[in-house]
Amino acid sequence: MTCECGVFGAIACGDYPTQLDIAQMICLGMVALQHRGQESAGIVTSQGKSSKNFSVHKGMGMINNLFNDEAIKKLKGNLGIGHTRYSTAAASEVVNCQPFVVHTAHGALAIAHNGELVNCESLRREVLERGVGLSTHSDSELIAQSLCCAPEDVSEHDGPNWPARIRHFMTLAPLSYSLVVMHKDKIYAVRDSYGNRPLCLGKIVPVDAGHTNIGETRAEGWVVSSESCGFLSIGARYVREVEPGEIVELSRNGYRTVDIVERPDYKRMAFCIFEYVYFARSDSMFEGQMVYSARLQCGRQLAREFPIEADIVSSVPESGTAAAHGYARESDVPFGEVLCKNRYVGRTFIQPSNRLRKLGVAKKFGALAQNVEGKRIVLIDDSIVRGNTIGPIIKLLRDAGATEVHIRIASPPLQYPCYMGINIPTREELIANKLNADQLAEHVGADSLAYLSVEGLIKAVQMNKADVNPIKSGYCTACLTGEYPGGLPEELSW
Amino acid sequence: MTCECGVFGAIACGDYPTQLDIAQMICLGMVALQHRGQESAGIVTSQGKSSKNFSVHKGMGMINNLFNDEAIKKLKGNLGIGHTRYSTAAASEVVNCQPFVVHTAHGALAIAHNGELVNCESLRREVLERGVGLSTHSDSELIAQSLCCAPEDVSEHDGPNWPARIRHFMTLAPLSYSLVVMHKDKIYAVRDSYGNRPLCLGKIVPVDAGHTNIGETRAEGWVVSSESCGFLSIGARYVREVEPGEIVELSRNGYRTVDIVERPDYKRMAFCIFEYVYFARSDSMFEGQMVYSARLQCGRQLAREFPIEADIVSSVPESGTAAAHGYARESDVPFGEVLCKNRYVGRTFIQPSNRLRKLGVAKKFGALAQNVEGKRIVLIDDSIVRGNTIGPIIKLLRDAGATEVHIRIASPPLQYPCYMGINIPTREELIANKLNADQLAEHVGADSLAYLSVEGLIKAVQMNKADVNPIKSGYCTACLTGEYPGGLPEELSW
Amino acid sequence: MTCECGVFGAIACGDYPTQLDIAQMICLGMVALQHRGQESAGIVTSQGKSSKNFSVHKGMGMINNLFNDEAIKKLKGNLGIGHTRYSTAAASEVVNCQPFVVHTAHGALAIAHNGELVNCESLRREVLERGVGLSTHSDSELIAQSLCCAPEDVSEHDGPNWPARIRHFMTLAPLSYSLVVMHKDKIYAVRDSYGNRPLCLGKIVPVDAGHTNIGETRAEGWVVSSESCGFLSIGARYVREVEPGEIVELSRNGYRTVDIVERPDYKRMAFCIFEYVYFARSDSMFEGQMVYSARLQCGRQLAREFPIEADIVSSVPESGTAAAHGYARESDVPFGEVLCKNRYVGRTFIQPSNRLRKLGVAKKFGALAQNVEGKRIVLIDDSIVRGNTIGPIIKLLRDAGATEVHIRIASPPLQYPCYMGINIPTREELIANKLNADQLAEHVGADSLAYLSVEGLIKAVQMNKADVNPIKSGYCTACLTGEYPGGLPEELSW
Amino acid sequence: MTCECGVFGAIACGDYPTQLDIAQMICLGMVALQHRGQESAGIVTSQGKSSKNFSVHKGMGMINNLFNDEAIKKLKGNLGIGHTRYSTAAASEVVNCQPFVVHTAHGALAIAHNGELVNCESLRREVLERGVGLSTHSDSELIAQSLCCAPEDVSEHDGPNWPARIRHFMTLAPLSYSLVVMHKDKIYAVRDSYGNRPLCLGKIVPVDAGHTNIGETRAEGWVVSSESCGFLSIGARYVREVEPGEIVELSRNGYRTVDIVERPDYKRMAFCIFEYVYFARSDSMFEGQMVYSARLQCGRQLAREFPIEADIVSSVPESGTAAAHGYARESDVPFGEVLCKNRYVGRTFIQPSNRLRKLGVAKKFGALAQNVEGKRIVLIDDSIVRGNTIGPIIKLLRDAGATEVHIRIASPPLQYPCYMGINIPTREELIANKLNADQLAEHVGADSLAYLSVEGLIKAVQMNKADVNPIKSGYCTACLTGEYPGGLPEELSW
């Protein structure tokens, strides 16, 4: 189960040429979004004065490997956007790397998006029938070609009028996307009207450099990012989220809302609840609260729903630690570490021999034997997808002397596919579609196993929302409940 | 400050051909030692019957990248040794990769070692003056050529008599080395008489495979490893440490001590105390105790030596967590997470702009703002070397709202170079040689900063030793105290 | 001065599935066109039954490196097209590799072309103003998007009607292109109405396999290629050239002319004369004659225009050898080898030291000293571009003892840029724009230097044409005379 | 059949620091020897003042790829040696790249050699029994360790005395080797006493740089090389060959013979005759004559031995061209080109389909159809090894219309293995051991086929020797006759 993408944008304020380190900042901002996609990345910058002066660097791989000083040096300009991407193997090609740059009648346009167009097939058909060829199967190219064609109410002699084109596209495509679109000297930050994918704004503030308070240290600007987690490290302060359906324009003069597309009824709003559970970095802020806090609440709620007598509460490092601390506090069982993670076990590795396979022990972890011996353990994990890893971990703990191992999952069973940008295995591969909690406990060798309830999850993530809404609503739980926001397009079936 | 190497060996018991998965096991065993060296790795296996049938695969890089199914398939045999290595840039060449294989008058010999020969210059001179050329500057080649030349008391018509040759070498080279030497159908596991580097034995036990309990699942054998941390994952059980000065022979018939070289007085025994503090994986066992437990004791001792009033005890993930838990328990201040680590920040990265440099914020971490705001924090780290990273972390916490940040280091100030296999910066680069604790606190912006005392460290690591010795002694603390085991060879100066 | 591209296509005849080795054949056919471009290559094959079953493999580099058995195996189908490409550094990117595949309302379309659209800027403007974005600056994408949009006279309910779309494109774009376009189960082979770039047809004939005359050895099919040189090696026979302005359709039923666009007056026909002089492989056939024969005639004509008393006629291997044999026969001076070429001198190499630079000797060649000593040499080369290489060669021959060195160039002075697919240095870099023949002789240290006349060159290439036209006409000599076919588009200036 | 190696050395004369471009010169000199080995290469330079200042750069691959400006810049010094190497796949490893550098009691020593020690097994045994380990199976390491051990008559207090050590080694190892050995500020150039492998000296002369005649242009020095072919391109003049058994010392003061080891009877001298036939570049000088001239004589002799009525004499480019010119002159049949070589057909390529295999046409060549049609052709090749390539070429010519194809091979049948540095297929693979000339003619589809006789070959290469010896003798013809120089060591068998 993998998140598809992260988007980032930055623009310098004031008179150009500025001394703001746009390319470095975008690069660093993207490193903070690397957990949202590790297969390819790209940055496009603009010198602002003309639509021809785009600098582009993108490719397969991690940001650290793709961007070196030479690459950064070539990314000239006062504004830019970046993208980091995960993708299924089939489409894992250089040609699909974002940001996507397209040359239009009004100059070059760069687009980066997070999400997946649920009605891409009908949008695609429409573009093709307009006599336009598409060279990839990517949503980015589809969005780009959609924006290239001015809608009827846009008069050509008014110039490109990108906000009107973006609004037109948004009426055609309900979800799911958080977009950054760059043209000449402006960046448009756009979130679909359901608010499915996150997007937030930040302000670049002057650096307090004491006596040497000159030049770039006083520079100001604005950033837009899928998550706020990297803001401090680039000298930016979190401002607010882009609202669902909102089109925000970033320019040298600051940011302003240029349009808000009509939103669905608040009950049908659909922020992806798995951003809280799994995708986002724990120091990011959504809806006025830290993701870590929401995870801690999930752990507390889980302890209330499924308490158990035990000697120690622990987690599978590093995914379930926040929830484990929450569970420990609520249940008054002490938290302790029981597993040591080997950071060097890579994804591609040798086939284990039959003996090693039968051994069935987690190679990625070591047991802290003296913490485990003779203990009854509650082990918290954030979610279960295929259910392959938990069994070997339990075996490892038992081999190290644990007397009981109780599994508590800080999210409900994962049962349905996602059509909004998250890569979930097929229904057949999801263990929750094959075994219920008790069957799974037996299958993996746990003394007990329980999932957080859907209601419990929603309650937990809303507990500390800054702007608590009296009516609890607004999350996409499609992968847990099969209820898709806006209904499922007819072209999709499962 | 980096550990230099890890060594590993494995041998199948019983009648050959065995079905034991020697190459896979060594590979997996080395992955568990990867933290001891990531620059190069190698495996040599032997088919046992003849000294000519060695299979070799080695190269630069991480084990996951070097070893694939094809490579493993070519590593035929019933026994083998492996090595994973860190090295300074200068000598970072393929030609220096271990295990080192040398053709002798008695057939091929493979050698892997962890450590550094303190008197390598005089050993080298002796070999050269014997009319032997050396093609590298590595200790491995030096050890190999030393073993090639039979000492006077070895009669050639008795065959090679490797134990006698190894003993002879050990009398010439006091420290520091843990060695695995393979010839034909035997592996010799050797630890220098001061016991400076760790080395332990494990037993491969039959896999309980239920009804399908056949073939390789019943196979048995023996392993030798720098650390015990990977034993469970390969189906082995920890047996004991190789004793200082001991030569253990592993063969198809099991293991036996073939010789023990005279050890120095017990007060002068010198097991590297930084294996406890920093190098070893926390689930490894030394002297009958888990490394994690020793680190927890260091944290407790630190709390006793330098208590402070605070709201939360935390650690720099992931290095100081065990000590932080110990400090929290001893001081009754709750443990809580305050930093989120970005796993994707690589070593080689773009030069930060001036603005970013002045910003001075830790790019590798995010602050868990809502856990930090308004809090007095005790932050535990395991050690301080150059002192570059702690300042930006403190700044990050303050920017996120921490009211006080107190630094506690779970080891004493690092002040002296190591000549026994550990890569420590020059004395000039070690911050402890430039600033005392209070000066450093001011320099990094901490409200206070304190180091664990040398006595406290020794006390802590001895607290839970299984075979507690009435007289506290036996550790190499040269990098902390400047007292080198066996004295410093005249050829070394600092 | 470099040729831009080679195109190739192949289709199996008869009922599918055929056993014809389409992918191997295209691959081998492209190896025979490798001299026309070494920077990137690609093959697209179609399974014929549906427009969705395209297999694509393309990338940077030489064919030998790009295509291995695994790649070939994935290129399934009964028909396919290939492309090999040279390009200027700026556009040397994977995204520009051909064949270009585009998804249209009628399914996938693959395009490969050789040439350059002289009015690409106005074609581009038209496409952009239609509301279509272009993601590259390549002519291939421009051609593709042009074909995607049906012209007014194409009724959509007749299906795609590619011939009509191609004809429409041809009326908009006068030159220069030789195209292969693949859709579903057909390949269209197209040559611009001026006949600027070559393109010819071949028939795949059954292999005479004696007693084992079965299966694929009896397979038949058709090929289309920029040059005929590789036909024998893939079991094909040369049939004829595609006529200027002709659209040939290749299908499982054979080939047929589906349309011929109006050609300019025969005097204005413009086959690139440098295909004879330099680009084509000497065993290719154009206009009924072997390129080698035309080059031999150029040498004969050169001997008639600029005879000289000498002991030996030779060439710069391997470019001027055919002309040298012609010169030798006409002048009755014996041909002999004087230079030995080092095949291993690569393009990118170390900077020579000052001493080596002053030495000024050709590193790529060795002098056959005993053939040269005391001799008067006539040295033939096919053309002079920047004039950098001939001086060092003359120095090498003089150092080896030559008494006289007379240079004869088997083509006229190169003075103007090409806008039709040939990469020629700027006018300033062309030595013929700086020095006349006598000045150049002095500059390079030759005893004399002469160029073939334009009239002589045209006469020579027409000497052995199979269908000799009474009026001598039909070649593009723009780079020699500045007379561009169809005039120079206003958007171009030099 | 492949030559194993090329060696090169260069030293600057006069007072150091010199401005002579030693590293560039060696690099360029090795490019001129690249035909002698393309698998790996290396250069070692010395700053002369101390035996510690060696700079080394070596690796797998061609010189152009291994050496760039950065690598050259690091190769500091006034003298250096280089090596280019072919090797069988098994030993194709970085560790075997030459020059081999070894640290001795007298400082570093670098060795590069061309040849193969026929008694390497007994030399090896002797070294091992001396208590020395060998880490490779290479002759270079064996030579190095042999030189490391001073012979009894060398007194240690006289310093290393390399000439005495080299002489001692030469008495132990009869053949085959041409060596360059560098220590501190001297290079020793050594040729075995049978003169099996070539080695020659050259003088670096001042560059005539006109008015700017300063600095490095006046520099002088000495070079030693396997062949003289690259001398002109680096500003050197051919001086003479190193004599069989001679040890030449090159120093800043020039060159001098320091010793000459006793040579065998002149009748038993054994210069490899295949250097003339095949290995050497045609512009190299051996025994006072140009290799090209010897090959031309071979062609003349072949015409005398096996004349045939024909219309055209041609060659397989580029291997048989010199002999073809000789055959044409002697027989008065005109020389003409019939084949066009595709330079881009690489070694590793896709598996041909069955159809292509049955087609049996040479993919590497195109036929010049109009030169071939209706013609009787004599086709000259320099040698036949496995006999795989000639058949397809004949088929190509016949398909293009040749009426008769007569094959003439400018060397005798190849029947025996070589133990002196040449890689020849096994006896079973050599076609001459399976078919006689007439059978081979039928097998490959030739109208006739004939080999030059052994006597004819010897006569031809002696025809133009500068110092014609009244008694015809002195060549190693082992691969043709089975008569090995010095007899075959007992340890070898075939």
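Quick notes on this structure:
Labels A, B, C and D are assigned to the chains in the order they are written; within every chain, residues are numbered from 1.
FYI, a residue touches a chain if its C-beta (ideal position, glycine included) is under 8 Å from a C-beta of that chain, and two chains touch if they have at least 3 such contacts.
The model shown is predicted, which means the values in this text are computed figures rather than measured ones.
Annotation: the chain A:chain B pair of sequence copies touches via predominantly the same residues, more than half of the used numbers being shared. Each chain gets a centre from the mean of its Cα atoms; the one farthest from the centre of chain B is C. If you average the Cα atoms of chain A and of chain C, the two centres end up 50 Å apart.
Between the Cα centres of chain C and chain D there is a gap of 37 Å. Between the Cα centres of chain B and chain C there is a gap of 62 Å. Within chain B, not a single residue touches two or more of the remaining chains. Taken as a graph of touching chains, this assembly forms a single closed ring in which every chain touches exactly two others. Annotation, chain-chain contacts: A-B, A-C, B-D, C-D (touch as defined at the top). Residues 94-95, 100-105, 109, 125, 128-135, 137, 141, 144-145, 147-150 of chain C touch chain A in their complex.
Listed in rising order, the residues of chain D touching chain C in the complex are 19-21, 24-25, 27-28, 31-32, 34-35, 38, 62-65, 67-69, 72, 207, 209, 212, 215-217, 219, 229-230, 232-235, 281-283, 285, 289-290, 292-293, 318, 321-322, 325, 335-337, 340-346, 348-356, 358-359, 361-363, 366-371, 396, 399-400.
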